[in-house]
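These notes open a run of structures that come right after.
What follows is a pair of complexes built around subunit A, which joins subunit B in one and subunit C in the other.
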Partner chain A sequence: MSSWLDYTINGLIVGNVYALVAVGLALIFGVSRLINFAQGSIYLVGAYIGWVAVVQLHTPLPLTIIFVAVVAALVGLIIERFGLRPLQNSVRIAPLLATIGISFVLDQLVMLTFSPNPRALPSQLPDVRFQVGGGTIGPLDLLIAGVGISSALLLFVFLRYSKLGWAVRAASQDRDAAMQMGVDVNRVNQAVFGIAAALGGVSGLLVGMYYNQIDTAMSLQATLKGVVAEVVGGAGNVPGAVVGSLLLGLVESYGVAVFGTSYRNLFAFLLLVVVLVLRPNGLFASARQAPPEPLTGTFIAPSRPVRIPRWVLLVAVAAFAVLPLLPVSFYVLQTLINAWLLGMLALSLTLVAGTIGQVSLGHAALLAIGAYTSALLSLTLSVPVGLAIIVGGLMSAALGTILISPSFRLRGHYVSIATLAIGEIVSLVILNWESVTRGPIGISGIPPLSLFGYDLISPTSVYWFSFAVMVVLALLQARLLSSHLGRSFRAIRDDDIAARAYGISLNRYKSLAFIFGGFAAGVSGGIAAHLYSYINHETFNTQQSILALTVVILGGLGNVVGAIVGAVALVGLPEVFRIAAEYRILIYGIVLLLLVRFRPQGLLGTI
Partner chain B sequence: MAEAHAAPLLSLRGLTRRFGGLTAVDGIDLDLAKGGLVSIIGPNGAGKTTLFNLVTGLDRPDAGEVRFEGQDITGLSPERLAAQGIARTFQLGRVFGNLSVMDNVLIGAHTRLRAVKPAVPVIGPLLELGLALLRPSSVKAEEERLREEVKIILARFGERLLPRIDQPAYSLSYANRRRVEIARALALEPRLLLLDEPTAGMNPSETAEMQGLVAELKAEGLTILLIEHKLEMVMRLSDRVLVMDEGKKIAEGPGEEVRSDPKVIEAYLGHGLSGTAEQESAA
Partner chain C sequence: MTTSTPEPLLALTNVNTFYGQAQVHFDLSITVGSGHIVCLLGGNASGKSTTMKIILGLVKPRAGEVTFDGASLIGLTTPQIVRRGIASVPEARRLFADMSVRENILMGAFVRNDREAIAQDLDKMLTLFPKLGQRLSQRAGSLSGGEQQMVAMARALMSRPRLIVMDEPTMGLSPLYVDRVLELIRTINQEGVSVFMVEQNASLALEIAHEAYVLQTGKIVLSGSARTLKDDPRVRDAYLGGSEAA
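Presenting the complex of A and B:
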């Protein structure tokens, strides 16, 4: 009994921390209908600012909290002013991509400044436990509860009684009407981002103290947890976000009690998927809401694709095909092999995110499924590698589509959240399903690539193999786009309501897009597995999903040639300029931000 | 016409839709005979577009039923209703911005695809994917035939759309986008066509052109449900007119009869339209 009380208290405390993140997300969503993927990065910044204050400046606790809140709020204001305000009249996908880019830039800046190694963040509070009923509670628990409750009260007073608070509420009810009544929406956005960032930063500080450890991986986790809590409570609903957070804290805490720590996140994401499927408007939304107003403007930037003459493409393919015959270094071939593998993933993502408009942030999971299937088949059942890769692709297509199908009824930003969560679920299942996946140890000794009994070990043969596979996949995709499926996919992206009114079933065509895209990604993962000879649950991570997304935006959404050009550019250019590995992700983030701002249609234009 | 009276193509009974405390559509009854044209008029916010959404499956009624050719189709998905031959245009215009005019109209013919969409359960979608990639001659022929048909449909709009057939829809003028919507609806070969303010935002000569087209479609025997604010057009085209106000039907009958109905005049009076109505009757 006593331990259950402990788990309950722990769940409520953790829930309180999530609430600080989720309330910020809900405020931002309420005003700008945007899910701020950078919220976790602000939380990360808060934790590290707290570390600087506590460990280096030795500030007393109240001052630490204020210091963190102020610095985090400043970061929030900067994000709003320079990251999002320029995109106000932009297409709907733009602010979403911008917050993803900002998140990567912030995380990398923190990592470069403080190194990725975990640090201890001492709590500055006496280490005593009070007996409460059958459980215990410490001063830090009380502090977290106190900060949570007092922030909620402050926020309530602000929203209810201050003039700016009224403006925030008005803008979240009806932005256009509020603007017509003279509400300065920019000021409202500033206020909301400032408050959200201050809450997020303090939350990071408190969590760091709670676990006495901070590291740069906290960011993505915080974003995910905050988004889960917010969506469970109903996007944009501030009290709902608090309840959703407490619920999430409890579900996790009890889940850990029953199954163990490594299952903590699995429960959070399953809760999200269940809520998205059963009650996509959150637990506290009225059962059926008015249908959404017709959306004006398009999801992606309108543009005309750059027409590339067929002979140019033929010459380019021929040139890359004969490249290994020329005196080029293995280093060049190796770099291009990586580009071809990324190109396959980008082909898959450009179909899913660009052609049919489902911006997937969990695409690396499809790589992982293909890689594990192919590796295990060839290793344990001695299936020939070529066949194993194809089966891996098919498995990715089938399993990926089934896993992603709960998100088919969602739109816009929700799809990104759901795919992010599903991607995490896949990685957690791989981690925990030890009897099949060998868990955290990973799979080693994966046989090298081979075709019809001949091993492909030399860089030249691997180059030809991966290049040929990519070209075949690209040709198939181009053929798909020119068929009735291409226009049906694009119709769904441009206006899913009009598409349905003309008989296009969203489930059917989204499934087909994920089946086709899943195959390409699975094949890429399979080839990678045989190339690396060792994989584990972290080989294919969210960073790769974001890298693929950057490639796709760079090349032009839905653009087959663009995906490959983007892959070559993003893999090749850092090599050409010899940019150190730790700066690359930072550069990818900046490239993404610049593209969204200045060339949203990408290099070769959306199709 | 006798059979048409016996079994209306579309019939609504007690159709009701509530949004919170507001009853947007309140117990509407309507019969639409095959080949007929009924107009729905009423002030803004009367519930006309909501009624269209209920008939086309984009929204579900809280009460009442929709029958199409005698079959209960209440609450079916828009996909299924499209397959049954119900096509609509949208009030604010919902063309696919990044698709060419040709592709927009081809989407209208989606429900008529046969060769590439075999009616096989379970593996049907996979066959569709395979056929789209392999493109046997039957699939090619079907696509070619539909493309030719699209050109014939576009020719109905004179030189408005044909020269722009490969341009993306976002680059078209507002009036041309409305025309693309109607072309898309025609490509479905509809048995029932719902037009939601087809002349909204059009100038007088464009309106006259559109009115001519709707008259032509009616003469060809198409059954049409029309929402329109321009009363002159309504009076010229409609077999009957249904007047809605605050979700309720306040009058129904031949145009001239409805126009002189005191309840209708009252509903419009507050909106300052009675003057327009008089002018038009004088003209």
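Presenting the complex of A and C:
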């Protein structure tokens, strides 16, 4: 085992890397009140540009760094100009969703260009280590520390002494007032995105060299870590982001020292949740500081939903119910089964994100809880599958609501961050709690779906089963929304302070929404487990959470029929057009971007 | 006070503004004569602050014309309008709370590039607002409301504007500071800067203004020289001791 000094050095070096990402996030949040979920993708781009420079162009190190910074900055400028500037006057959720869409597109483009296989990114520095006290330090450590410190200094000088730097600071404190001083906010945004992207790209390069390996999974991890560091330091607070990053690096490093490598991320996300619950404005925010997001205002695009006559719905349900009796291929049924499963998840998310306004980015965790519960009950305790799925749903409802409850006091972006973190925590607990979940090996040999002792193995029976479950869940949800409960949910979404003033208990109603939504998602996960017969901690990942969000936005937030239409469209259309699997995520990202830009209320309208 | 009408510096002509479906301004027409103090009076939700936003380009009117010194401001961005020579003292000051007082004042000169003249103007501000001299390196957010109003006015003057628009400059100030602010507005005006101010406090505003307009639910219901309006029973009823006066 290495010495504590080694762990400290490692923590600080990794912290420096996080700082390069987090400072950019803080700058952007300061000016635009936006958490840029595409920051990790720029980091990924930086790593691969670095690979091209080092391995193919054989550039010397200083040139490599400059090359990466310039290309990454260009990517940042493009994102700002074409992805975000057109959304300036739209609802607040729009830019957040756009950055998610952009990150999908960038990640997939990198993956398609360079293949998903990991690559070696050789360090261009000699591999020697110097003894320092009881630990060792290498030239790359010094380079990373040097880049981190000099970037911080340059940024300080820029913000303090340059005219554009003053404009950035003024705009981040009061955008409208800055405009009234003659500050061109578009130029400020450009500057901030350019700087953030350059720092993020260089960070990706350094990390690639540090671990001598790059792969496309780096992107999401970097975004998550950067967001953790930034929120710990106080969103929008640049020095806070640096301190938060170093703290995160140390916490992770010591956590690894005590518990092992697989616990690294768990510590990061636990730190985030603790800070969000105890000091949502970050460790260094003064108590007087106003909440960083406006208290009221529409987070979600208001619209008039498309009215669908009852008979049309009845005909549609009947048509889908008799479909297996017609001469259709198994392939069509298989596709629709996937759509029904995704539809259940979308029902859950449209309730939570659309009706009550808590945009969850960790919804896959609810699938995982339901799936693991149902799989383990039926496998180890021989509980009948039908019952096990219901228990799985209840477990998702209960556990999901308890896990998410710390985020009930948060608003807007912070809910998204907290749910993202909680989702990651669930996946990491599944990975590490080997005695129950079998850890990384996963659970295999899960019994097939069965009902009252009859196995449902044929696609037709599985189709009917999943379709029936989804329709029942949809009817329940529609009933729920037409009651006074639905109105209370929407009141909380539209103005939680006013809702509270009218005596609506936010915690109780948010819990109710998550209980109902958790059940639907848990059932979907349970069915999926028995259908797949094998699951592990990666079966239900963040990508599924984002896919569900895209479905829900496509259908119209809060719209029950929309959730199902969205699921059928997003699962079905790629099949219809026979789009190769590797392009699908790219398509989803583009769909999300187009929706946010041109039809934020979705196909059927928000309710 | 003069009654002759000088060349109009700022003119709003038949402006109609909407927030979604709701109409805020109905054929609003206002002129600010060069070298004058013009005051827009009105109660809550009458459309006063929106008028400020129209002038500054923060809100676009659906119809109508806004000209400054004869040239249209429609379609210009806020920074472009500021560069034409309009400075603002926004409602509730809106200082950059975490920047120092010095930085706040210098932000007012953001559109200028003449370093030496800016430094001279900063000194001039400190003679005009002597209290700020000891506060220069303090965080602007730590100042009292009255002091913040001084910073906001100094900041507006730093761009060497031809017109300053002020949104309720006396709001939330102690009586002592209210008098001081009104006196300063007069001083600024005597140095050749035109002033357009939005106020709820009619009696105070009419004391220093040349002309005034009364806005009610988006329509100008009264206008004229400040002196005549002061004696107008309708203004008196509405603002100066009528039942609605607070």
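Worth pointing out:
Methods note: the second predicted complex is superposed on the first by the 595 of 607 C-alpha atoms of A that agree within 3 Å, B and C clash if a C-alpha of one lies under 4 Å from a C-alpha of the other, contacts with A are read in each partner's own complex, and residues count from 1 in each chain.
Quick note on the criterion: a contact is a pair of C-beta atoms (placed from the backbone, for glycine too) under 8 Å apart; a residue touches a chain by one contact, two chains touch by 3 or more.
If you're wondering where the values come from, they're calculated on a predicted model, not measured in any experiment.
In the overlay built on the shared chain, the residue A:E575 is in contact with neither subunit B nor subunit C. In the superposition on chain A, A:K163 contacts subunit C only, with no contact to subunit B. Contacts of A:L512 after superposition on the shared chain: subunit B is touched, whereas subunit C is not. In the superposition on chain A, contact of A:S488 is made with subunit B only, not with subunit C.
Taking subunit A as the reference chain, the count of touched residues is higher for B when subunit B and subunit C are set side by side. By the touch criterion defined above, A:A177 lies against subunit C but remains apart from subunit B after alignment on the C-alpha atoms of chain A.
Considering their complex, residues 286, 290-291, 294, 296, 298, 300, 302, 304, 476, 479-480, 483-485, 487-488, 490-491, 493-495, 497-505, 508, 511-512, 515-516, 606-607 of subunit A touch subunit B. Those residues of subunit B whose C-beta lies close enough to touch subunit A in the complex are 19-20, 53, 56-59, 77-79, 82-83, 87-88, 90-92, 94-99, 103, 106-108, 110-111, 113, 116, 125-126, 128-129, 132-133, 135, 143, 168, 170-171, 184, 188. Those residues of subunit A that touch subunit C in the shared complex are 163, 166-167, 169-170, 173-174, 176-184. Those residues of subunit C whose C-beta lies close enough to touch subunit A in the complex are 56, 58, 77-79, 82-83, 87-88, 90, 94-99, 103, 106-108, 110-111, 155, 159.
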